Amino acid sequence: MTAVADPALADAGLALADATPGSVFAASVLQTGFFAGLAEFLRPSNLAGVLVNGLAKSALFVMIAAGLSLIFGLLGVLNFAHGSLTMIGAYLGGLVMVVLVGGATGAWARLGYFLVALVVVFAALAVLGLVVEVGLIRQLYDSPPIYQILLTFGVTLVLEELVRIVVSFYGLQPISDWQEALGTKPAFLARQTTLGPVTVRGLALFEILLGALTVVGIWLFLTRTRYGLFIRAGSEDDEMAAALGIDVRRVFTVVFALGSALAGIAGALLMWDPVWGASVPLAAETLLPAFVVVIIGGLGTFRGTVVGAVIVGMADAVTTWWFVNVVTWTWLPEVTVFLILVGMLVVRPQGLYGVEEVGGH
Amino acid sequence: MTLLELDGIETYYGESHILEGVSLSVGEGEVVALVGRNGVGKTTTLRSILQLTPPREGSITYRDEQLVGLETHEVADRGVGWIPEDRRIFSQLTVAENIRVAVPDRAAVDAALSLAYDTFPILEERQGQDAGTLSGGQQQMLALARGLVGDNDLLLVDEPSEGLAPQIVADVGEALAEAARDTTLLLVEQNLPLALDLADRFYVLDNGRVVDDGDAEEVSADSDRLRRYLSA
Amino acid sequence: MSRHQVRVLVVLALAAYPALYHLLTQSPVGVEAETLLPRMDTMVALLYFGLFAVSFDFISGYTGYLSFGHAAFYGTGAYFVVLVANGKIPLVPSGTPFMITLLCAGLVAALLAVGIGLVSFRLSGVYFAMITLGFAQVLYVFVRGLEWISSNPRDGASVSGSTHPEGFEVGVPFVDGLNLAIGPLSGDTVTLLGHTLGTNAVSFYLVGAVVLACYLAMQRIIHSPFGQVMVAIRDNEERAEAIGYDTFRYKMGAFVTSGFFAGVAGGLFAGFRRSVTPENTFYFLVTGDALLASIIGGFGTLAGPIFGHFFDESIREFLSPAGQGGGLLPYLQTRLSEGVLSAEVGGLTVEGFIEAALNGHASLYVGIVFVLFVLYVPNGLVGAARDRLGGPVTEKLPDRLWDR
């Protein structure tokens, strides 16, 4: 995925899955067996490090999955284009940063520009979502749900190829991460920070902060605003909501635009993270975890999505630590994530907070 | 004065023909009962009025305006409320939120809440609870309250007494009688005594058609007239 | 024309394709023919992947259970063939006749389907699609990391030249005279009446024969009482259950059958290409391609996905990157004059524009076609044709397919 140049890689997690055994990290492999590994894992500084990494991953997952969850909850559309929207957000955010940031730009100015990038990405992706919903998906609300899913699958193909064309046209390699965008981070985010006994990436803390803000923001929007009330009512029973005078179709459009915008700002954040980075394959890399998170939590419940993201993020961080330090199974983190999905579907198909029968039809 | 007029509506679910030319009218301030066996199209008639299942043919006029072709929320905006079968409260919203969501005017929310709590004091006690945790009777009260606070001129009420304990049926009947003072009701009800007690007039539906209609009082005296349409 | 006659005609047209392709590309319109017609190796790919798409339609289109992890079976069949050839599978030595390996590949995939099905059929709708996807992704990640498979499993595995240098032979096992090898390089050529059929053309007929046999088998099942129950499950599972069918067993049977044929398709792919990667076997986008083929061709029509895949592949090859033979880009580059190519429009040369818009960007146009099909031809090519001809109208995809 990325070059090792970025110091953040040292405990960056998933990126390590791409490093072949015997590379830079071989030195840290204990290879002394399970119990020695366990003892090492349980040392407070290691546990705390895993916890912070896990929270950072959880924050990313919740940002990736929040829009997908909102859209499924209300529209019943499993949006296959969601990953592509994240990917577009990553490139767009990167573009804003690369244009605004020069070599001499200070750390706080970079952070300020990042806020600008978030606003731009949010607005642009909301418009894109609006166009997709009004132009395409709206035509199919009366068809079987599978056709809406297929439609978004087709939209993915088109969007990804369009991005590929544009990106290659400007001389970037679409399948590798956009290094220049990665380099627009403020220096303090790229460095390791010491917090008491634990050394963590600055970026991890930033991700946790942004993820927490996103969760609180969405939660306040859903529970404290009138529009949020309409969305929750419509998610449960759209017919009843319409019969109470709510223009459900318009709420659909707003939610699709909002969900797309959330996918976009998740992308803008990933653009800074060397584990992910802006690239065309980011679409598939984010879509699958987003599905897993949303299904574990229960399709369409926001609370479930948050809890699902924490479960997946923590499991990923723990297994990544084991893979880096004890075992050489490169597949451990990814397989664990999908095994959680399979296990959850077997034990509790509706997910943690899902309701078995949604709506009183 | 006629508030609502259905003229020869034909409604389908997919390919099955449910309503075969239903015509009826509801006058302003009236309570009209729509009775008949299960599956003859009573609920579909209400759904047709609301444009949830729009009729393929026929016309539905409300205050001299054609409803066919409007969206459901536009019908609701014109003052048509719905208290559906199975209640259909929003189980993951709190009791108070269920009422808030039914009030079209943001400024009227507080008045609506006190109206609902005055009518059904139990709802005030439970206002912060998720509606899904209420008992069946309380859910029905919430569904009624949601219809009452919507500032509606016409309420379509579907099986309000279904599955309720007798004491609660009485409460529900009382609330509907209260509502009928300043709201027009079109009431689908299996419980004949309750229906005829509330109603001014009635229509009997059988196999997607209106087969009988008349004044509630005359039929209360002649109980056999309805029985043959209602027994299985 | 009866449907039977249509089928025979399609098979005949396919059988005539190599000759037609040969004649047309040698004719005065050779350049145009090469531009428009899929190459022979594309046609072979069309057959084995078409079989995979048909097996996907067999379960998804007929029972309504979207097998979104279907690539697992395709990948299992493909890897099995390569691993057998490399002597990695106990009890099945490297020299095993390909037809037997292929059968085993199907059986192993079917066994996997039993395992996945036992767990997954407790669910339905979106959840079924997602759990099968989950299983397939677990296998994908495993296969990418398992060093037992090859020295660099991330890049897949190839048939080793030391243990299995010869091509994979299709025919009657153990009878040398009745076998011919497949593969663009390792396959056999045949000289008949003074004409030589190239390796790709020979492979086309051999793979085609296996695919045809599999297709007919699946078609038989669909038209048998068993198939009627599958459709009954799709249309209304509760009713099928109420009539007294043990729907779980029927779903399992259909899933395992489908897995078997997907495994055979994967085995054919590996036998022809001699190398496999996780990305072109187990990855979820492989299932996505089968889905694409099914929608364009017609969901629940069995034959439709083959046509759908043909359509998809033709567009992809027509718009393939330069240097891969055939297609629109080399055609324009050779046919348009230097003056036209270097003409500038708004700072962009025509050549640059053609490059940017066409070079390897078939997915864009396939995506647009796909979206248009979903919107305007939801029954697909075959479904629409049947509707038009008044033939047996394909039942509309039931709403229950994705009920939640």
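Chains: A, B and C, in written order; residue numbering restarts at 1 for each.
Here is the rule we go by: a contact is a pair of C-beta atoms (placed from the backbone, for glycine too) under 8 Å apart; a residue touches a chain by one contact, two chains touch by 3 or more.
None of the values given here were measured: they were computed from a predicted structure.
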| item | value |
| --- | --- |
| Chains touching both chain A and chain C | none |
| Chain pair with the greatest number of C-beta contact pairs | A-C |
| Cα-centroid distance, chain A relative to chain C, in whole angstrom | 32 |
| Geometric centre distance via CA averages, chain C-chain B, whole Å | 55 |
| Whole-Å separation of chain centres (CA-atom averages), chain A against chain B | 45 |
| Residue numbers of chain C (touch at least two other chains) | none |
| Residues of chain C that touch chain A when the two form their complex | 66, 119, 122-123, 126-127, 130-131, 133-135, 137-138, 141-142, 144-146, 284-285, 288, 291-292, 295, 356-357, 361, 363-364, 366-368, 370-371, 374-375, 378, 397-399, 401-404 |
| Chain A residues touching chain C - in the complex, by the definition given at the top | 76, 78, 136, 139-140, 143-147, 149-151, 153-158, 160-162, 164-165, 168-169, 284, 288, 291-292, 295, 299, 329-331, 334-335, 338-339, 341-342, 345-346, 349, 358 |
| Chain B-facing residues of chain A, complex | 226, 229-230, 232-233, 236-237, 239-249, 355, 360 |
| Chain B residues within the chain A interface of the complex | 50, 52, 71-73, 75-77, 81-82, 84, 86-88, 90-93, 97, 100-102, 104, 106, 146, 150 |
